[in-house]
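Chain lettering (A, B, C and D) follows the sequence in which the chains are written, and residue indices restart at 1 in each chain.
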Amino acid sequence: MRESDFNVGKFFAFLFVLILFLFMLSPLFEEGDGAKIDKNLSDIKNRVSYFHSLKSVKEIERILSDNNDFSKYREITDSAKTVIFGESKDLENGTANLVTSIVLDYRGFDTLGELIVLFISILGLTIILSTLSFAKFEEPSFLQITGVKFVTPFMILVGIYIFLHGHLSPGGGFPAGAIIATATLFSLIGCKFNYRVSNLKFIESNAGFFVILLATLGLYFTGSFFGNYLPTGIVGKLYSSSLILIIYSLVGLKVGAELSVGIKTLYNGEKDDDR
Amino acid sequence: MIGKILLSGVLISFLSMFVRKRYNYFRWILFSIYLLLTLYFLFLWRNSFYYNESYNFLSLYGLNFSLNFKITPLGWLFSFFTIFLTFLISIFSIQKNIGEDSEKLISFFWFYLIVSNIGIFFADDFLTLFIFWELMTFSSFFVISPGWIKSFRAVNYYFVLSTLGAFFMLLGIGFLYGGTKSFSIESGYTYLFTLFSINPLLSVFITITFILGFFTKSALIPFHIWPAQAHAEAPDDFSAFLSGIMIKYGLFGNLLFLVPLFLLIKNYPSTQIITNGIPLFSHILSWVGAITSVIATFLAIESNDMKKLAAWSTVANIGYATTSIFILSSYGIAGGIFQIITHAIFKTAIFLALAAVKYRTHEREMHKLGGLAYKMPVTFLTFLLGIIAAAGIPPMNGYASKWFIYQALLSGHFPFLTIAIFLSSTGAFMYLFRALHSIFLGQLPEKFDDVKEVPFLMQIPMYILMALMLLTGVFPGIILKPINSVLISFNLQPVKVTYNTMFSTLSSVDSLKVFLTFSGSFAFAFILYLIGKPRKHVEPLDNYTAGQDPKEFGLTRELYHFALKFYEPFEHMFDSYRTNTKEFYDSFERKVNEFGNFIKESYSKNIRYSSYIFIFALVLVILYGWLVW
Amino acid sequence: MNYNLPVLLIAIPILFSFLSLILGSFNKILSKIILISVIIFNIISGICIYNSVLKNGNILTVIGNYLPPFGINLISTYTSISFLILLYIVFLVASLIFVSKNDDRADKISSVLLLYLASSTGILLTGDIFNLFVFIEIFSISNIILISIKDKKLSIKGSLKYLIITSIGASLYLFGIGFLYGILGTLNLSEISLNFDNISYFSKVFIFLFFLGSIMAELEVFPFNFWISDSYAGSKNYVNILLSGLSSIVALYIFIRLFLTVFGYPTFISFSYSLPFNVKTLFLTIFGLSVIVNELAALSSKNVKRILGFSSASSLSLILLSLSTGLKNGVMAAMLIAISVIISKPLLFLSSHQIMKGKGEKNLNSFIDGFRRNPLFSILFIIGVFTLVGFPLTPSFWGKFLLFISATEKISYTTLILVIVVFSITIELFYYFRLMHKLFIKDENIKVEKTKNNFVYIFSGILLASIIIFFSVKPYFTQNIVEKTTEDIFDKSGYIKSCLKSGEIDDR
Amino acid sequence: MMIDNRTLYIYSFIIFLIGIYGAITNRNLIKILVSLSIIETALNIFLVSTGYINGSNPPILHSGMKLISPNSINISDPLPHALVLTAIVIGVGTTAIGIGLTIKLYNHYKTLNVNRMGDKDEL
């Protein structure tokens, strides 16, 4: 009885999905007036990110503030600066990786939220699982022990490299944190490196604290939360866009510690560590 | 001044909360004094009709929120006799609450009932009416069941039906507000009248909402089950109020809104099917009244609980009044109002007598009582006169009102309605006689040997009620003259009446002569009684079991009480025609609960189910937005 | 102008949530102190912002020194800031109750609570659609955590349901954002609302319906709200208060912002939509169904917490119903009902918890003899019921009255609202009176012992009750607030102007 | 290879709907969570593809690269990348919580089948 019930459910689920699919296709194939999502996106000039990638938001703001109409920014296209790798300096932010410039500067507030999502979910994990403790994994084999001992330092090093170069190359704090957490997972499985959750929590909360502190200091120096008050340097150098560098390093530490806490919590519960 | 009376009621009620529990009766004294003062003011206003008061409390959100009162002849008449009867009940209650460890909250909420009583009868617009209507419902809810688990079920019926009625009434008021943009009652029914020719379906719907609203309150079919539950379980003195006064609010609503509407339709018959001179709608309502009275009579015959019996009798009497009112002739309306008032008087008397019986014996089942007439003569006499009035036997006031109803029905050529009313009126003899006999006559059980008459303070209202019943029976003009001014306010011909003579189109009756005839024959019978043989006292067990000790067979004296299963053969006759309305409501309640449980259970079904429903609903919404344009 | 206090309302709780975890590892009491002091800070600065909004109009807060639409911005309007103060009061009550209890996870939970505070503040203030999404996610994750704090099957099932539904909802929301960004090239709410009309036919329908579907789960609307039953019944008292009071505000505000400001078109007295189908009928169907179904579910429930949970879902739907009439009276009614629901629901949860204290089962019969056991909280319960049901002179009375009147405006679909409203009032009356009646029933067999009330409960109960009474006895004050809020909701061009400095929308 | 954005959108829709189908028909809690992850992946593809321009460079400056306005900008839109980064992290957080709750439920019921998790005695 239950089996047939299930099949009917599957059939209807398929029907729903089909209807949803047809519905989702409809805006892609419609003809008529009005703005549509582009089939071949070629022009990003009427997007806000155009000015983000040219690092000329301040310039546009200066122009627009004369007639005080910020909804007309799309009509201005020729006032943006030229950005050259290794030459341009003292721009709004000095990151060569434009995604990083958006993530940590133009839309830094979102990233703060993102950090908090990760923080709160790991915190929640420790709260939810705090009354549980479950079985340990099997004893590691010889191959695991040797491999882990060999590979873990390099992984941590790579992680550190990635978050330090987040403003220059792909990657950044989040991938770096993930790599570091993988290293701790390896060490946990491989050589039973039993780190304490509370220490990691300390690192994590301190890193988060300093991120917010740095962002709040912007209120003092620039009059705006998350404002950049350190020199931005030359695009493409390691010591460019200093605030982004610092924040990304803190994010890397924080995410690494957080994910490690999560792994440890899922590994053997949180309870026995707090004693 | 009306506002001041209402406000002082609220204030005194709060004041009475501070009275300590030991001096409980003091609260009731306060209540009586308040009623007396109100009665005094009402008496002062007896000629100042169409005086109106308006209290503009707040003007918020672009609306003037105000309470409007107007003294109409109808409202004045109703409020006067209700307050008067409540005053009598309150005197009864003072004594009742002296020793007893009774509830603080009964008198507290009763104040609000009186406040809402005045508010309802003097309301000039729907908003005021509705606010006091709801106040009445809520406060009566707490009086009927003042913290007894037993009465919870009964009050549930009452409350559900009342709130349902209020729901329909509010709906109707909303529709009328949408049409007229005001809460005025008069513009409401004139608008509804014009709507009958424009949009008949909607107007019939609105009328039905009002009918449901008023009919639930006055316990007409199919809402007739709550009185038997609520009146029986309420505090004894409050039962008198419930049965004598509160059940009349629905009828007042009919007179306030539906009767003017139907009169308009009757005068402009192009809008509605007319049968026999009255609109079809109104005719149907008369039949509802008649059927209610017949059914309630049969149910009263069946019941063994004395308070339930009286409650069913109330429903039957409301049925007569409804039938008569919706005839829409001036005799019909006059008879209906007359019936309402006389019923209020004699039903208060009956319930007070029952309350007195219960005060002394703490019994409600009739087969456990008997032979109290010698122990409690005043109570007996009150009850006797009350049931004479209820049965419509001449010298009492019930006769006068029923005479009017019969005259109205006959002169309007409604033979079948007359038969129905006559049937239930005859049935009234059956149950009332049974009540009288099994409570007051027959054998006195041993455990009631030391029962005494109730204290004097309780006797006072009984004396007054007896006098009132006799007075209004002999001189019906006392009540009919104010009723005439009500008829004039409806633009109807007043009925022809002097103080002691009633005239109708068919005949006339001089009630003073009737009274003299009856008292003469009574005196004759009494003399015969005195000169006859002295009676012999026989123990019931001697009578029935020929001196054997029934305890051997597990039989008790109560099983031999002749009131037990008194009308059993009669009940068997109607067994196959019985439809149990209570069962219907219970099953309805079960259905609603099942539906609610279904919803509730599907809420906590498993996790996959919830996301399934989510997607399903999303797809539905999308189908609406995508395909329906 | 750049006024930076609003951003501190978000930043300070976040900062201290980290700090609470650090300090809480030394002593749990420190984190409790931090929690309370942060809320008090937020209340005080909220009142400061309220005053300056009254003086200067909408306040734009720029983040990262980039003006909108290039950066993220916060906009404090009258509506959002007054909702915020209401929210803080409810939050204060909940956290006081949390603080009064012993919990060995106190540092972590207080950190979660602080983030909850920050995220709900962020939802109410932000002017960016993606930022709104991020805050909604934080909000729902903290909801999930708070629901599952009580280690019971019921609560964990409820929170897992909530998680699955909200993550499907979040995916719908992100699809909507993707479409909006792909078409308009911006994420700023004001700019989207300025240009929403230019979007083509099917895309508009797509975006609208996906956003609608995504926030339905938060709105506790019937076919989407299968999480509420278990969540309310299975969670702790302060979580109930947060769920009923705070979630309602947040959901309501999201609805107002997205569906009235961004997608709607206000004229002088009503909102209209430039969509091909009749949006109002859709809303009416969904919300009306939700009101009826939730009321019926509450009617047949036996568990008091579940009754209150269903009832709060249905009153939220009633608020949304009156909002979606789009009439000025309807919006005012929604605000009035919202005020009373948001304050009285926590009061009901609080007092019912105290009345049932010491009884094993939390069903209806545990209310019997409540008045003799706990007179104070019985009275508070009755005040709460009267406020919720719409006793005359309470805000919800005026709200229901206005809704009633606006529903009769013309005989069309709005008359259906009339039926729904009256029906819901009737059923609500019935089950609340049943509860109230149980309070006064005397059970002669059991000897009554008076319950000892914690000081915190007394304080917060009396605080909430006095707020209700204040709103009831000062009707002109309430009217002033409500009218300003309604004006603010209708003032779409004002919202856009405060963000983009100039925003001409063609007033139809 | 030239792929226009519409094709990418349709691919992402298909993956999304596979996820939806899995989430509503599966009985195993872990599988439901996996389906949710699939939905998130679909979203990420969709969001990235809204910023994708045919034949353009990734939005990272490297040595010798210039960004000149107005017409010769030849990078894809970096903003959706940033959004995707946020969405990924949020997905991770949600999944972590979901796994925690699943462990808890498994501990209570000793099964992962959601059909066996409904007990009416708790109503």
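Throughout what follows, a residue touches a chain if its C-beta (ideal position, glycine included) is under 8 Å from a C-beta of that chain, and two chains touch if they have at least 3 such contacts.
None of these values were measured; they are calculated from a predicted model.
Participant: Any idea whether A-C or B-D has more C-beta pairs in contact?
Facilitator: Higher C-beta contact count between the two pairs: A-C.
Participant: Per-chain C-alpha centres versus the global one: which chain is nearest?
Facilitator: If one averages C-alpha positions chain by chain, the most central is C.
Participant: Between chain A and chain C, tell me the centre distance in angstrom, where each centre is the average of that chain's C-alpha atoms.
Facilitator: 30
Participant: Between chain B and chain D, what is the separation of their C-alpha centroids in Å?
Facilitator: 69
Participant: Just curious, how far off is chain C from chain B if you go by their C-alpha centres, in Å?
Facilitator: Each chain reduced to its C-alpha mean, chain B and chain C end up 46 Å apart.
Participant: Roughly how far is chain A from chain B, going centre to centre by Cα mean, in whole Å?
Facilitator: 74
Participant: Listing for chain A: what residues touch at least two other chains?
Facilitator: If we look for residues of chain A contacting two or more partner chains, we find 9, 13, 16, 20, 23-24, 26, 37-38, 41, 44, 47-49, 52, 107, 110, 113-114, 117, 120-121, 124, 128.
Participant: Two-or-more-chain contact residues of chain D, please, as numbers and ranges.
Facilitator: 16, 20, 23-25, 27, 29, 32, 50, 79, 83, 86, 90, 93-94, 97, 101, 104, 115, 117, 122-123 - these are the residues of chain D that touch more than one other chain.
Participant: Can you list the residues of chain C that touch 2 or more other chains?
Facilitator: As it turns out, chain C has residues touching two or more other chains at 130, 134, 137, 141, 144-145, 148, 151, 154, 156-157, 160, 164, 168, 175, 179, 181-182, 187, 205.
Participant: Considering only which chains touch which, label the overall pattern as line, ring, star, complete or other.
Facilitator: complete
Participant: Which chain A residues qualify as touching chain C in the complex?
Facilitator: Listed in rising order, the residues of chain A that touch chain C are 23-24, 26-27, 30, 32-38, 41, 44, 46-49, 51-52, 57-58, 60-61, 68-71, 73-74, 105-110, 112-114, 116-117, 119-121, 123-124, 126-128, 130-131, 198, 201-202, 205-206, 208-209, 212-213, 215-216, 218-219, 222-228.
Participant: Using the touch definition from the top, list the residues of chain D that touch chain C in their complex.
Facilitator: Per the stated touch rule, the residues are 16, 19-20, 23, 29, 32, 36, 39-40, 42-43, 46-47, 50, 79-80, 83, 86-87, 90, 93-94, 97-98, 101-102, 104-105, 108-109, 117, 119, 122-123.
Participant: Using the touch definition up top, name the residues of chain D that touch chain A in the complex.
Facilitator: 4-6, 9-10, 13-14, 16-17, 20-21, 24-25, 27, 50-54, 58-70, 73, 75-79, 81-83, 85-86, 88-90, 92-94, 96-97, 99-101, 103-104, 107, 115
Participant: Note which residues of chain C are touching chain A in the complex, please.
Facilitator: Spelled out, the residues of chain C in touch with chain A are 2, 4, 7-8, 11, 14-15, 18-19, 21-22, 25, 61-72, 105, 108-109, 111-112, 115, 118-119, 122, 128, 130-131, 134-135, 137-138, 141-142, 144-145, 148-149, 151, 156, 175, 179, 181-188, 191, 194-195, 198-206, 496, 499-503.
Participant: Where on chain A is chain B touching in the complex?
Facilitator: 9, 12-13, 16, 19-20, 23, 26
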